[in-house]
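Heads up, there are several structures right after this.
After this come two complexes, each holding chain A, first together with chain B and then together with chain C.
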Partner chain A sequence: MVGARPLPRSRALRRAVSSVLGSRWSLVGLLALIALVIVLASSAQGVSGTRMLGLVVRGVLLGGVLALGALGVTLVHGVLKMANFAHGDYMTLGAYLALAIMSVLPPGRSVFGLGFGYEFLVALVLVMPLVGLVAYGLDRVTFRRLRQRRSAPVMMAMAALGVAFGIRSIVYMVFGADFAFYYQGRPRPVVELFSGVRVRTDQLFILAFSLALIVLVYLLLERSKVGKAMRAMADNPDLARISGIPTERVVFWTWMVGGALAGAGGMLYGLDVQLRPEMGWWLLLPLFASVILGTIGNVYGALLGAFTIGIVWQVSTAFVNPAYGPAAAFVVMILALLVRPQGLMGGGR
Partner chain B sequence: MSLLTVEGVVSGYGEMQVLRGVDLRVEDGEIVSIVGPNGAGKSTVMKLIFGLIKPWEGRVTFAGEDISGMAPEQIVRRGLCYVPQVDNVFPTLTVEENLEMGAYILDEPLKARKERIFELFPRLAERRNQRAGKMSGGERQMVAMGRALMLDPKLLMLDEPSAGLAPLLVDLIFEKVAEINETGVAVLMVEQNAKRSLELAHRGYVLATGKNQVEGPGAQLLGDPEVARLYLGG
Partner chain C sequence: MDPAVLPRSVLLAVPLYLLLVVVLRGRSALVKHALAAVVALALAAGLSLLLPAGTISYVTTFLLMGSIYAVLTLGLNVQWGYTGLFNIGVAAFFAVGAFTSALFTLKMPTGAAAAFTQQAFGFGAPFWVGLLAAGVVAGVLALVVGWPTLRLRGDYLAIATIGIAELVRLVFQNERWLANGPQPLRGIPQPLSCLTGSGCDWLPGFVNAFFDPLAPRDYPYLYVAIVALVLFLVYTGLERAIRSPWGRVLRAVREDEDAAAMVGKNVAAFRMQAFVVGAVIMGIGGSLYAHYVVAIDYGHFDPLYGTFLIWVMLMLGGSGNNRGAVLGALLVWAIWTGTSFLVDALRPTLEAISPVLPQRGPYVRLLLIALLMLFIVLYRPRGVLPEEKVVSLTRD
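Then we have the complex of A and B:
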């Protein structure tokens, strides 16, 4: 037994090392290291500091849009325990519904020094509840039946993929495969943020609107009755039922909130870039990367993840073809998960 | 009329039969304790009364109304609340939010109700803003009981309230059960701590192999050689 003595000590050491490696701070450290590598690489490649700053600003903008989608993904996962692969296409749906609404409204002048008129704002107000209702309706006809039969998670994910393909096909049929713009040939006012970093006023609107929605979601979850019930269901669905919480009503509000955020996110993304039938589909991987990076089911983690992924995506375009942006974001997610599999906000350890 | 009656209930999970004919009743203001060996179906009876599993045969009535097959949200409205044995709090919600979830069906301010729970469990008042998942086992049990008391139930069902607690806390929990009962709430509890729970109970049932074998006043059951053979000593 004497020979066995050193063993516990080395085991304790190994546990200490792995707990340091797996801690939240080591993940923060990893992200900081990646940032440092990017800064060094940019100076080595002669990318100017102003350009980098500009890309970071664009990353924050993209992060805001991603956050709107990621919040929905993480809420739906928390409350319903399903990976909603149709969420990106809910964003596409929102963007195109807005296009349809704006096409029937009389065009107005640009307002408040922005690049769009009142009709975009009207569409925004209409699209948010509409996408929420569509999301809930789709739940009633597809996912709810699977939940009631206690289907395996992979069946739910496949059903969600089916819904995603369905929505995209309808968008293709109705609007065609070409790019579309909310406004064509209209001047888009630009302001200088700091020296050399210029952004469009539309983009400032996008960021402000996403941040406002994020604050509303925070208030909903922390202060409102139904928001607390969503967190309760995410925590312990059986106990929620036993407590007498009308779970079907909570499910309704979860889809309304998730769908509304997705609809708004799709519109804002479409305003910033352009509309394509597969725009939301291509956002799906970055959305899940954000959610997983921040620990799936955790709302604040999803926000953190979305802004991280947004910035990495944009900054990577200084070095690689912009088409690889989402892939760069995914690489960061994989590296982060190697260090800390439960994500930034996960419990344990 | 009894507050709660369970008549000739046969039930189980999927194909597996667990309950083979259970009859029991709880009168207004009573503490009734169900004891019995592991696997006797004690927790299953609780789940069945609360509608989480359906009876294959027999029925459950509460205050004269047949509640077998009702959804939990309808059952709690009628004044029957339930504390499961495990996972009985919302870990990321604060103590106060846990209590609020217990009265979700009410559309009224809950301040007065919460204050009453805090009077019963002063320990919780100090920690009202703490997340339930970060609390000790005894404190979690108090949160769970508090949550179930938010609706002022006529009958409180407790599944193994003392399981896994340190002896001092077991005393405290049993004291609280007596205190709750003194305010007029009937209590139906399942306990593995048969001696303690029969001492407290007005009446008890011994459940074995899915049937209730013996019924009687708590003190009488404690002294019954048949009970000792079936469970206590056997």
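Then we have the complex of A and C:
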């Protein structure tokens, strides 16, 4: 019989090193390092502090919108164990549904010093449940069949790709391939937030609205019965099923919440930037980067990831061509994967 | 009789011959090749004489694009079909191959052209150098992407490949100095195009004389032979590799990673090898594409044409089956081109619904392809030609 031998020293050392390198704090350290590099680079390139502050504010705004999408991705991944590559296109769908709704409403005057009128708010209220229902309906005809057949997760991801391109083709057909705006040529009021940092009032609304939705999701998950059931499903689907949790209802609410958040996120992004049929596909990468950075399936991680990615995206534009913003998100994701694949909130070590 | 019929049918016989070599079974090599050659020549000549020239030329260009897509699909089949690597950034390797090959074979612009075209380098190298360089650069890209992501779960790799495809798209869209930025890179040389023009000075006279009746617009007949040859080499190479112990390990990794690791296989290394081999093949496909379309820009490598279409081809044909991959590529390309007729036929109906719809007809095709993808995943996940039980080669 061979007893338990002590590990050779080199291997023990390697293990110790890798356990330090793979810890949560090293990922936090990596993010701090990125922040430090940015600060140093900005002083080296002579980017003014006000400009940097402004970009950080823009990053937080973008982070709020990304968080709405990332929450849906992470909820769906937690409850249904699938990578929903159609989620970005649910955002596109929300943005364009709003455009359609607003085109039939009589145009109103701008309200409360914002750049949009009542019809945007009406559209927001209508679009959120609509996208949720569409997401659930699409689940009924596609993903549910695959789940029932216990197909491999990649088959669901592939079906999601089909759904994504299907939605995009319909958007192309109905609205054309050009970009669009909710309000063409309407003045967009600006306020000075603090010395030298100016933002549009619309953007303050975007941030406030996304934060409100995030709080609502928090309350739903922590306080409501459905939220508790969702967390149970995410934790252990089989155990949840045998403890009598109505799986189908949880699935319904997961899609409703995820879809509604995506619809709102798409509308807010469209209000801030512009509407394009490809917008959702382009947002998919930052969304998943946020989710992976904050651990797939973890709601609070997704929020943390979304704001980090949003800030990195915006701040990077001070140094490189702004077109590479999403690429900056990608680089952060790859670095995070190298250091700690399970993300900030993941268990282990 | 049109004097161009003879050289055209000889050129068309090449893909037919290669197809027959693949399809015919159970005869000695000499008999098989001779039989294939005779039948191919007879078939090509017969078709050229019987069918109207327009039809033949249409079928040729169809086969040409279908075969280029078949090369790309075979590359994806190594990654997904045999090894289970979920790469949804095919467009990245496709684009990198196409631009690499273009830059290697183009010369640096001089004089007035330099004002309109910027490129990082231009060697004016022959086609085959561009083709190999395309494969090498795409393979290196795969090495770089694969290193941090291949050891992770499938959906992480998927996201990383989406990321790399976006990054490649952004680079070719914004970096003017590299490959002329958002403007297309034009004038990519076509291999052996001298044969359809004034003749190649490095070839013996009788060859030039034989191909003399061909006009520049006959170039697809020549290129289809080249593409078919590359496709044939890739296909036979892969079939051999898949039946080798190496291919057996790839399938083991796909089916059960832990079991493969238990018997001492370095799972990460095999995944990386499959990823790189697939990417090299995609790069070669990109090169074939660039030299056919002559002018490329980043728009050609949209995730729709560059990735999604190729996935539908592989899924329809049958992942894990090289014949399926080729068949799927031709079938989906037939559906894709065929639906453009459908859209034309639907034009009055679309016009009745809304006057803007007919211009948006192409998107009807996108919807059909997306529905086809869903149909396959839901009802025919194994494709038209499902994976066969592969027995590794043994020595007789």
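Going forward, the second predicted complex is superposed on the first by the 333 of 349 C-alpha atoms of A that agree within 3 Å, B and C clash if a C-alpha of one lies under 4 Å from a C-alpha of the other, contacts with A are read in each partner's own complex, and residues count from 1 in each chain.
Note that a residue touches a chain if its C-beta (ideal position, glycine included) is under 8 Å from a C-beta of that chain, and two chains touch if they have at least 3 such contacts.
Treat the numbers as computed from the prediction; the structure is a model and nothing was measured.
Trainee: Give one word, clash or fit, describing how chain B and chain C relate on chain A after superposing.
Mentor: Fit: chain B and chain C sit side by side once superposed on chain A.
Trainee: Can A:S151 be said to touch chain B (first), chain C (second), both, or neither?
Mentor: second
Trainee: When the two structures are overlaid on chain A, which partner does A:G137 contact: first (chain B), second (chain C), both, or neither?
Mentor: After superposition on chain A, A:G137 lies in contact with neither partner.
Trainee: Taking the superposition as given, does A:K225 touch the first partner, chain B, the second, chain C, both, or neither?
Mentor: A:K225 sits against chain B, while chain C stays out of touch.
Trainee: Consider the C-alpha centres of chain B and chain C from the C-alpha centre of chain A, and write down the angle between them to the nearest 10 degrees.
Mentor: Rounded to the nearest ten degrees, it is 100.
Trainee: Answer with first, second, both or neither: which of chain B and chain C does A:Y172 touch in the superposed model?
Mentor: Only chain C is touched by A:Y172; chain B is not.
Trainee: Tell me the contact category for A:G244 with respect to chain B and chain C: first, second, both or neither.
Mentor: Touch partner of A:G244: chain B, not chain C.
Trainee: Touch test for A:G196: chain B only (first), chain C only (second), both, or neither?
Mentor: The answer is neither, since A:G196 touches no partner chain.
Trainee: Output check: A:D235 vs chain B and chain C. Expected answer is one of first, second, both, neither. What do you get?
Mentor: Once the two structures are laid over each other on A, A:D235 reaches chain B alone.
Trainee: Once both structures are aligned on chain A, how many angstrom separate the closest C-alpha atoms of chain B and chain C?
Mentor: In the combined three-chain model, chain B comes within 19 Å of chain C at the C-alpha level.
Trainee: Enumerate the contact residues on chain A facing chain B in the complex.
Mentor: Contacts found on chain A: 225, 228-229, 231-232, 234-236, 238-246.
Trainee: Can you list the chain C residues touching chain A in their complex?
Mentor: Those residues of chain C that touch chain A are 84, 86, 88, 148-149, 152, 154-156, 158-160, 162-164, 166-167, 170, 173-174, 303-304, 308, 311, 315, 356-357, 360, 363-364, 366-367, 369-371, 373-374, 377-378, 381.
Trainee: In the complex of these two chains, what residues of chain A are touching chain C?
Mentor: These residues of chain A touch chain C: 83, 85, 142, 145-146, 151, 153-155, 157-159, 161-163, 165-166, 168-170, 172-173, 176-177, 281-282, 284-285, 288-289, 292, 296, 321, 323-324, 326-327, 330, 333-334, 337-338, 341.
Trainee: Across the complex, what residues on chain B touch chain A?
Mentor: Interface residues on chain B, with respect to chain A: 50, 52, 71-73, 75-77, 82, 84, 87-93, 97, 100-102, 104-105, 147, 151.
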